[in-house]
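Going in written order, the chains are labelled A, B, C and D, and every chain counts its residues from 1.
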Amino acid sequence: MSDFRIRGVVPPVVTPDTPDHELDVPSFERLINRMIEAGVDGLFFLGSSGEVVFSTDERRDQIVREAVRIVDGRVPVLVGIIDTETERAIAHGKRAIALGADALVATAPFYALGTMADVERHFRILHDELDAPLFAYDIPVCVHTKLPWKLLAKLGAEGVLAGVKDSSGDDISFRYLCQENERLGHPMSILTGHEIVVDGAYLSGADGSVPGLANVEPYGYVRMWQAAQAGDWATAKAEQDKLNELSHIFDVTTGVAGYGGGVGAFKTALMLMGVFSSNTMPRPVAELEGANVEAIRKVLVDCGVI
Amino acid sequence: MSDFRIRGVVPPVVTPDTPDHELDVPSFERLINRMIEAGVDGLFFLGSSGEVVFSTDERRDQIVREAVRIVDGRVPVLVGIIDTETERAIAHGKRAIALGADALVATAPFYALGTMADVERHFRILHDELDAPLFAYDIPVCVHTKLPWKLLAKLGAEGVLAGVKDSSGDDISFRYLCQENERLGHPMSILTGHEIVVDGAYLSGADGSVPGLANVEPYGYVRMWQAAQAGDWATAKAEQDKLNELSHIFDVTTGVAGYGGGVGAFKTALMLMGVFSSNTMPRPVAELEGANVEAIRKVLVDCGVI
Amino acid sequence: MSDFRIRGVVPPVVTPDTPDHELDVPSFERLINRMIEAGVDGLFFLGSSGEVVFSTDERRDQIVREAVRIVDGRVPVLVGIIDTETERAIAHGKRAIALGADALVATAPFYALGTMADVERHFRILHDELDAPLFAYDIPVCVHTKLPWKLLAKLGAEGVLAGVKDSSGDDISFRYLCQENERLGHPMSILTGHEIVVDGAYLSGADGSVPGLANVEPYGYVRMWQAAQAGDWATAKAEQDKLNELSHIFDVTTGVAGYGGGVGAFKTALMLMGVFSSNTMPRPVAELEGANVEAIRKVLVDCGVI
Amino acid sequence: MSDFRIRGVVPPVVTPDTPDHELDVPSFERLINRMIEAGVDGLFFLGSSGEVVFSTDERRDQIVREAVRIVDGRVPVLVGIIDTETERAIAHGKRAIALGADALVATAPFYALGTMADVERHFRILHDELDAPLFAYDIPVCVHTKLPWKLLAKLGAEGVLAGVKDSSGDDISFRYLCQENERLGHPMSILTGHEIVVDGAYLSGADGSVPGLANVEPYGYVRMWQAAQAGDWATAKAEQDKLNELSHIFDVTTGVAGYGGGVGAFKTALMLMGVFSSNTMPRPVAELEGANVEAIRKVLVDCGVI
């Protein structure tokens, strides 16, 4: 069983780009420092919204290097080692460990799918070859495999996995996983990767959350976690409801979809708030413009964020 | 419009591994030489069945280097630059060109999906930044985006794409693409990536094929192409029917699926035929064993291949 | 805006069959009376688990007739009018109203899909032609259309829909729907159709639940609803956790899937509990047998149900 | 093994509606007579494009009754008995036989899915209870189950199925089915349900086709069949290519999708050609209007149809 434990709010950090597609280090510093000052319990770099799959290996390394430098030990640094298959994920993991990552986060294999036995071997090999706590990242919308809760619980009990980041959108499977993890002595940290029903995930027994929207509004997520910890579910729900009003930055835009709509909204909000210097997206994704920016500005104003 | 033209049989080359997961160069030489001697018109390395997504960058480079050395100019060398998003594909493309690739093959972005405008920009950027003929690889089962035939035809007419490798399984869209490409003056080489209804794809107007099964039986595919070129469709169909009997190596196994079942069957057949020294699969996929090997042997014997 | 309001626990009633595939009326009476005595707030007949799509029109009528007779006004009777397209659903609705249904429940059209404008017209026509409160049944796993929460909220505000039964498995969309319904003055009764995270749905603002597992254990669902109403979320969670242990009747079987596994488990449990006389399934589904029955018996014993 | 054999072109007949949603019998007569005069080999009523799932039982009966009357024995009449599950399909089948159907066409169960054993039992029960030749209709886009070719071949060899109408879009599975049916002594009539690559399906060994576009242009499909029978594949391809130009009536419209776009285009073309009196669609689908009608008119003019 892994010794690494993490609880609370662990935002997946959005990666800012300069207009010519370099890492925007000053914006990155502002974003990270703001979230740590708000009281988050950890930070997850190179997640799906952290441009991991858009970044060359050199860029991935630069992001981890700057992240470790800026965070400077204030909270644990989790790093995504997301790539198509095992050997490629191992290569990323070795570099991330060398650069100072506290824990690694890996998805199931993707592009070339196989059996669940292949998926199980994948996580076992990563655990064997990488000397760092390993989180399974359950994100079927990207990798097209749902990690079964029984497999995750087994790998947790055996010490292969230190935790799970669940972005599956399957609240039933998540509940079963929490109950089974509890039954097994709670070997894993189970984090919901969603942001809209985090109160419900906490009620289900989650150890924490990885909400992308916390890049924009970390304070509310910290307060919700504290309320849930205190058993004050009415306050937790009220905080979630407020955050959900802000989350309409996702659905007030038109003509965009997927990454450009979701992470594009985060970057645009952070630009309008003065945290980011631009809302540049990684190629081939276009940044939000014109009426879409104004629609997001209106949400931010209505919610009192700017 | 691109000057690069390719017609005929262009097998996607299976990559042999040693039992300790190194590139098995002698097996690779036997496989490549056998296909060229059978009369194939080109070879496609680092395709989906060529372990592209299982291979680290170093292994990818080694495969291309050895491929170029072994082929030695006898047929064109196409190289897959398959990765999640644009910048990563560019990096692969630059290295492949430096190592001697004649043409590059790229999929739509995957893992993080967006709009079709993102997909179009992706191919335009690859064309702009990579000084080699570019093929679009339409493989929705792996990337979860179907490339629309109208977009492909437009990019062909503008010279962005030199061709298309269609592994979409959508014979209707393929037919429309062939007819539209013809109407536009035939700017692209359109290759079917399937192996079971290649005669039908030729009848639909395909310029060639990329059949994985040609790793095992290149002669039949070469004869089918020659028959189709001569308008002898009865012979083309008869050759396809015979190849399809051999293709049951895919469905006589049990307990395997996806890559392990498909490429695993190729590797096992090639091992039983003495072309490969082992049927080792890339991690985390297990190689076929026991009754599965015997079932494949029976198909090979029944078809007179061994 | 509709006057019909329903809150609390509204189980979707499982339909018992005799071994020769007739409606088993005595078992039906035992099941219905047991749930009403446990304190449920309504009953939903001819839902997905009520064999609606397996039943001829004559059988559907028989089920509604017997249901209305047995319930005898003790709780509201909701009836599913599930069929492929509008005219067929209207025909079912007219007969259900004539037989005494208090409210009707309709899915989106299925088999032949179209645009969301078609779906919207479908519900508007049903509302216009059927003189009974109308619930939208959101069940994409069966009909392959997800009803957008913005559309549902609009139809609720206009009085087309009296409520929503959400079996979509999309807890995010469900939360947005609850918040928007509240913002609009709460025109609709919003019921979760799930059974495993009902506590979370209540925390999200649901007006009630339609849990299939309440056929087996209505008491726990009634207690959970009362706890949630009282703001006692710790008790609500504890009740849900206990119910979830019982829900493993779904996953201890082997070789079955879908309807045979889910409703088959309900019927087998009810047979073992003495509520049903047999666990016969509608054709073409086979009933659970042998080791599967014993596995379900063990869950019931472990949970203290028998 | 069934005695019923059918070969050649068997169009799925589009059902014309009056503006007030009644069956438009004069248009129906014109359509049927025109196709029979063009030389089709059979007619399939109440298929997916024949409004089967939009029609009440009374309307279904009316369509079959009129169809049998108009056809008057000139070609075989196949009738779809499409409904969610076994008992409902049996009820439709008994009525269709009584009304004079020569053969019945049934899909896999839908809405409530289960195992492939359930699907197999479904077809066996239909065969046992219905005294008419039975065709399996493989249409996963509507029923969300793909019928495996090995199952179909087995049911054909045992005499359960007289044939298959394949609208699966899976040309690989179709080829395997044709080869296996041949190996087993050709017990079944295998018909492709597609219209765009019918030449390829014939080359694969199909016994015929069920092309919706033959409602608009039956002559080309009849000529293609005759050419294929004569081994004149160049002519077959040329006929298909011409038909495909006409098929752009499907993709010149905007703002429509699914049934409204596909069958809507057929009805609009037939209206413009004077075969139908209106292009009314069944509720809740809207008919094509304005620019969409003009776009279809242009295709018809360009193709010389009007």
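Criterion: contacts are C-beta pairs under 8 Å (C-beta built on N, C-alpha and C of every residue); 3 or more make two chains touch, one makes a residue touch a chain.
Remember, predicted model here, so these are calculated numbers, not experimental data.
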Every chain in contact with both chain A and chain C is listed here as none
Outermost chain relative to chain B, judged by CA means, is C
Chain-centre distance (mean CA atoms) for chain B and chain D, in whole Å, is 35
Per the C-alpha centroid definition, the whole-Å distance linking chain A and chain D comes out as 49
Expected list for chain A, residues touching two or more other chains, is none
Contact graph of the chains (line, ring, star, complete, other): ring
Chain pairs that touch, by label, are A-B, A-C, B-D, C-D
Chain A residues touching chain C in their complex are 169-172, 175-176, 179, 194, 196-197, 199-201, 203-204, 231, 233-234, 237, 240-241, 244-245
In their shared complex, chain B is touched by residues of chain A numbered 48, 53-57, 59, 82-88, 91, 109-115, 117-119, 121-122, 125, 142-144, 255-261, 282-286
